[in-house]
Amino acid sequence: MDFTVPPRVAQLLPEIRRFVEERIQPLEQRISEEWGALAPELEEVRAEVRRRGWWAPFLSRDHGGMGLTLAEFAFISEELGRTPLGHYSFHCQAPDVGNMEILAEFGTEDQKRTWLAPLAAGKIRSCFSMTEPARAGSNPAWMDATARLEGDQWVIDGRKWFTTAADGARLAIVMAVTDPQQPSVYARASQILVPTDTAGFAYRNVRVPASNLLGERGAGFAIAQARLGPGRIHHCMRWIGICQRAFDLMCDRAARRELSPGKPLGLQGTVQGWVAQSRAEIDAARLLVLHAAWRIDQEGPFAARDDISAIKFLVAQTLDRVLDRAIQTHGALGLTDATPLAWWYRHERAARIYDGPDEVHQASLARRLLAAHGLPRKRTSE
Amino acid sequence: MDFTVPPRVAQLLPEIRRFVEERIQPLEQRISEEWGALAPELEEVRAEVRRRGWWAPFLSRDHGGMGLTLAEFAFISEELGRTPLGHYSFHCQAPDVGNMEILAEFGTEDQKRTWLAPLAAGKIRSCFSMTEPARAGSNPAWMDATARLEGDQWVIDGRKWFTTAADGARLAIVMAVTDPQQPSVYARASQILVPTDTAGFAYRNVRVPASNLLGERGAGFAIAQARLGPGRIHHCMRWIGICQRAFDLMCDRAARRELSPGKPLGLQGTVQGWVAQSRAEIDAARLLVLHAAWRIDQEGPFAARDDISAIKFLVAQTLDRVLDRAIQTHGALGLTDATPLAWWYRHERAARIYDGPDEVHQASLARRLLAAHGLPRKRTSE
Amino acid sequence: MDFTVPPRVAQLLPEIRRFVEERIQPLEQRISEEWGALAPELEEVRAEVRRRGWWAPFLSRDHGGMGLTLAEFAFISEELGRTPLGHYSFHCQAPDVGNMEILAEFGTEDQKRTWLAPLAAGKIRSCFSMTEPARAGSNPAWMDATARLEGDQWVIDGRKWFTTAADGARLAIVMAVTDPQQPSVYARASQILVPTDTAGFAYRNVRVPASNLLGERGAGFAIAQARLGPGRIHHCMRWIGICQRAFDLMCDRAARRELSPGKPLGLQGTVQGWVAQSRAEIDAARLLVLHAAWRIDQEGPFAARDDISAIKFLVAQTLDRVLDRAIQTHGALGLTDATPLAWWYRHERAARIYDGPDEVHQASLARRLLAAHGLPRKRTSE
Amino acid sequence: MDFTVPPRVAQLLPEIRRFVEERIQPLEQRISEEWGALAPELEEVRAEVRRRGWWAPFLSRDHGGMGLTLAEFAFISEELGRTPLGHYSFHCQAPDVGNMEILAEFGTEDQKRTWLAPLAAGKIRSCFSMTEPARAGSNPAWMDATARLEGDQWVIDGRKWFTTAADGARLAIVMAVTDPQQPSVYARASQILVPTDTAGFAYRNVRVPASNLLGERGAGFAIAQARLGPGRIHHCMRWIGICQRAFDLMCDRAARRELSPGKPLGLQGTVQGWVAQSRAEIDAARLLVLHAAWRIDQEGPFAARDDISAIKFLVAQTLDRVLDRAIQTHGALGLTDATPLAWWYRHERAARIYDGPDEVHQASLARRLLAAHGLPRKRTSE
């Protein structure tokens, strides 16, 4: 048992911390503005990241990344999570990160050349299109969108929403039912690559070449699982970074804001309770994430699926509480864009919802744990 | 970074788990009875523990223990914590464990021969006498008991209470003010060894030889600190064991108890939420404890004092919640002695109080953390 | 809308408060002793209560009580709840209070003469025997005990447990299945009066006269409902009293206990937070109870069943939190019998379990509320 | 004790509910748009409200309102709170409502004619300018802005922020230090009426006529108190309305959204727990608000100040939890503008901050309560 920071990243961390503080955090206050307004500065930052050899830390060296293990990347991701612009700056933002992973793993050589190469180089953006308005996101097997093969084309029909980052994406990876006659609901859907400039995008009678199938036909769920498991830990690593920054902001404010002359906020027992509780909760959640990353590296995502479920909701809860305390410590200022706290408060409420609501992860984790104690495996209304 | 179980204990753990389940847990249901009734069976268990070479795992080999590091012992302690009788069976129960540690570190050769030897051998028991009724336990510098040197004897006067395990103890280590004129309140008290059969025990005009001073005169607080820091992690390691057992009991009950024919409790979403939440919270708290133990081993207790503060309250809170959910899952049965849950519920409420209430640890941790952000160090009314 | 205390009790409340403080609270510290040791003093207190005309405040004047409405009694009950001995002293303790109510409502003249009269006079005690070890208390329709009519006798077989106050009771009201062939599970059981000195008590082949049937055959559940609804509000009113006393004890301690010279505990922000939060929570829970009592008086228990469900769990949760904060404020002293806090902590954990676990009340309340929004009424595994 | 709805409002409530649902709620989805876009429809709604005689329900009939008591208005306000546009539609929105109250109570005839009349008629809007960036809002006695009398003009200097609704306001009521030499900090500030088109507005060398002083010189705090006490209950009454609507939205969603065919969300135990818990918490918080309103009507705001403190934080906490559960029940949809939940989530986080953070109210309530138990009144660092 050894809690030392992995040597490959240990020396990088202070450099990256400084870079994030000096080059990225100054842009934060403009995050509520139009994205376009920030783009030029961000592209400069990204160019500098690439020059320093920090580009796409999670991606294999073959595709132009740093080729870190998940446990190594966890430490970098924590630093990047300290600002809402960090992951984009280092080119490891969702959903591109997950899409690159599945293209690398399941894509044909041609698909890799056409899509992975420009994605990895940061020349285009992508999205992942699974959720449908009439169907619960927590039950991915229940899906209306269909794709049928007509000649050498997939013809896709359906309605999707909550497609993160769809605006500006050049590529959509779309889940659709291709084999409705399959007995198992988990073998009915496929993933298909759809350029967003295809006629009918929005998914009425969209036609793409048959060769745009990603992986095997009917393997849509298997690939989605391969994507979502590690995807969840990517979110968790980023949330730990948010927690760390929120904690620092809370401490700064508590140490400096005076309630009356010479009486800083941080002398109050209630605030001290928030500080101590947050420190302990962040540290515990962080170790749980590092342990899950280490286990995925050692034994693969399937062996670590209980660990992944656990961090998904525990870190989301921790994030919720730490942000709340940091905002309360700032008072009305915490609701302005003077800090990134309000932005996170608005945008990261989704942490407890996306990739499956926390309650769904809790139920599936519990059923696996209880099965080991003899609970019948049959499906429940939950 | 490596989360593998230390090799020296990895193979022992399943053996100890089996021993605990087969030899110690059967005695649990009688734990509410008179202690004397259980004594013969327990002494047999202890003899067997000694034969197997598991005696006093935390104690150095010189004094007859296993000589484990703290991080190694953490894994053993977790197994022992699964039953209220585990630590006593392996001779690492509070307060003896702490008393042996300070005798080993600060005792003279004579004191070691007289007191440490029989304590380490399990022939006598001891207690630690610090808390006073009129003074807040959370402010140990505020103390009324005094000891003055008359000739070659210490004469001790004062009133103590909440002296854990005083009944049956042969030795009391007593904190008393010996040097009231010292400018620092932290240099005024000493620790003195008092056999409990000394005339006047209860601390009115108790006389013991001058040589019963433990360590330096005025070093009472320094020694108490040396004792309490590791003492806290000992509690935490045990609480993790309690959590693990409570979790298993909860799962067993949820998997097997039917609400109506064929509908076990564990199919309910609320219970599944408790199971999943408990699993994640226990795992996170456990990693925090292991990390603190590892850090104490690497850098010593002073460097790890923030970690020790954090686990003190975070693990106590986790214990509180896990026990509560396990009891609720059992319904009325959870309030009987059919499981150890009710016993722990009654006895471990103290976890959030002893060795300093959680709020005191939170305040002191927060003040140290906030000082790093610029909060003035001056003392507050808190 | 008028929140004035009902005139019939307004003037009594300070008198009863004083009586409770002067005559009953002094006996509290002996509550952990054998019940017998306290009996003589308690019987004196009860005699005095009767002399003052305060006997059995909830019971109709015909049966020797004060004949208060539920909303009026709520105020008295809150005063009595301030000590664990209060309700017994005023002869309105569970389970006798519920048993007297159903005997008064459903008993024959003969049953009233034989059992209600001595119960109302406080000459005997009674118990209610429904829960069975192999069956979830939360599903009262699932019951194994049977009673069959042989000649002019009921022959009862089965196993019961968690029969509150069974020790010392002269009468047990026993639920057993008498009509297993009825299509509705709710029409299969009956209530039968069983003297505890009947041969076979423990329910193997117990024989009692056929005339011991209480109410109609097959009406066991209907009567149990009639008993449990108001029974729940009786508990809630008492819990409010416990909360009030715990709050006063917490404030006394916080105001007087010094952490260092001149620095009482109550100056700390954390403790102030507990005090304020407890005050607000108790007041809100209290109004919810008073409103439910008022509604039962106005419209009957069926109309108020949502209100009764809501107070059952909300007041139990409030009690849990307030007791916890009061104990924490007392430190180790709070775990001794110096105050009634520890006794309540041990005994009132059951508040969230008996009369149906809180989760069962939440589920049934939610299903009724959701049905109004269109949720299908069909039964669920939950 | 009588919980009946006051007769003057009982018959109005269903009419107002219908009006809110039919006329105001349809505008909700556009609430994130520019205010101007909504203005025409809103002005039509306000005209209709006036025609129906529902204008400014809290304002005395003399000034064109309905002249309701606070307890009566509480019921109306709950209906209006069901939509973010309700209070504005009925002309009882903060901060105008508070400003009208103090102008009515403290204004000269001239001030009433000039400012109260058009405010009451809804022709202009107003703001209240107290908070300063460098000073904690929770300590209103610590203020930098000054006003000095030069000839017949007040000359105001200072910096203010978080002036709610400053955009579009014609009148600002400004707090500034006028009498710095006064021994009591509470007698140093005054309130001054400042038209927002005054040169220098933003408060550098702003000059207004001496007659713009509101009330007595040095009475700034006294007037602020008179304004803030009832102001808090106005917020609480509105929050109850938000809770009620969020609850209904949650139930609708739970009853109708299917997780799989025929399995609505509302069958899940976790969701049922949220529904039941929310119902109980809202009902309890609502009674606490009604009680406080009734008490203010009966005994005035000073007598009810503990009640006002308690509802300020208890209702804000309830709002927080109920909104959170309603959003979680909606999943990703809850974060869109399809319902008002997301809007409230973003805007009502401030509920726990404005008019003093909850922690400040808790501390001041606790100090008053503890003083009754003997805690010294002296000021603390808290």
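For reference, chains read A, B, C and D in written order, and residue numbers begin at 1 within each chain.
Basically, a contact is a pair of C-beta atoms (placed from the backbone, for glycine too) under 8 Å apart; a residue touches a chain by one contact, two chains touch by 3 or more.
Here the structure is a predicted model, which means the values were calculated and not measured.
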Relative to chain B, chain with the most remote C-alpha centre: D
Pair of chains joined by more contacts [C-beta pairs], A-C or B-C: B-C
Chain B and chain C, separation of their C-alpha mean positions in angstrom: 38
Rounded Å distance, chain A centre to chain C centre (Cα mean): 51
For chain B, residues contacting two or more additional chains: 267-273, 359, 363, 380-382
Chain A partner contacts - residues on chain C that touch it in the complex: 268-273, 380-382
Chain B residues within the chain C interface of the complex: 131, 136-139, 142, 162, 257-261, 263, 265, 267-270, 327-328, 331-332, 334-335, 345-346, 349-350, 352-354, 357-359, 363, 381-382
Chain C-touching residues of chain D, taken from the complex the two chains share: 1-6, 71, 248, 251-252, 254-256, 264, 266-269, 271-273, 275-277, 279-281, 283-285, 287-288, 290-291, 294-295, 306-307, 309-311, 313-314, 359, 361-363, 365-367, 369-370, 372-376, 380, 382
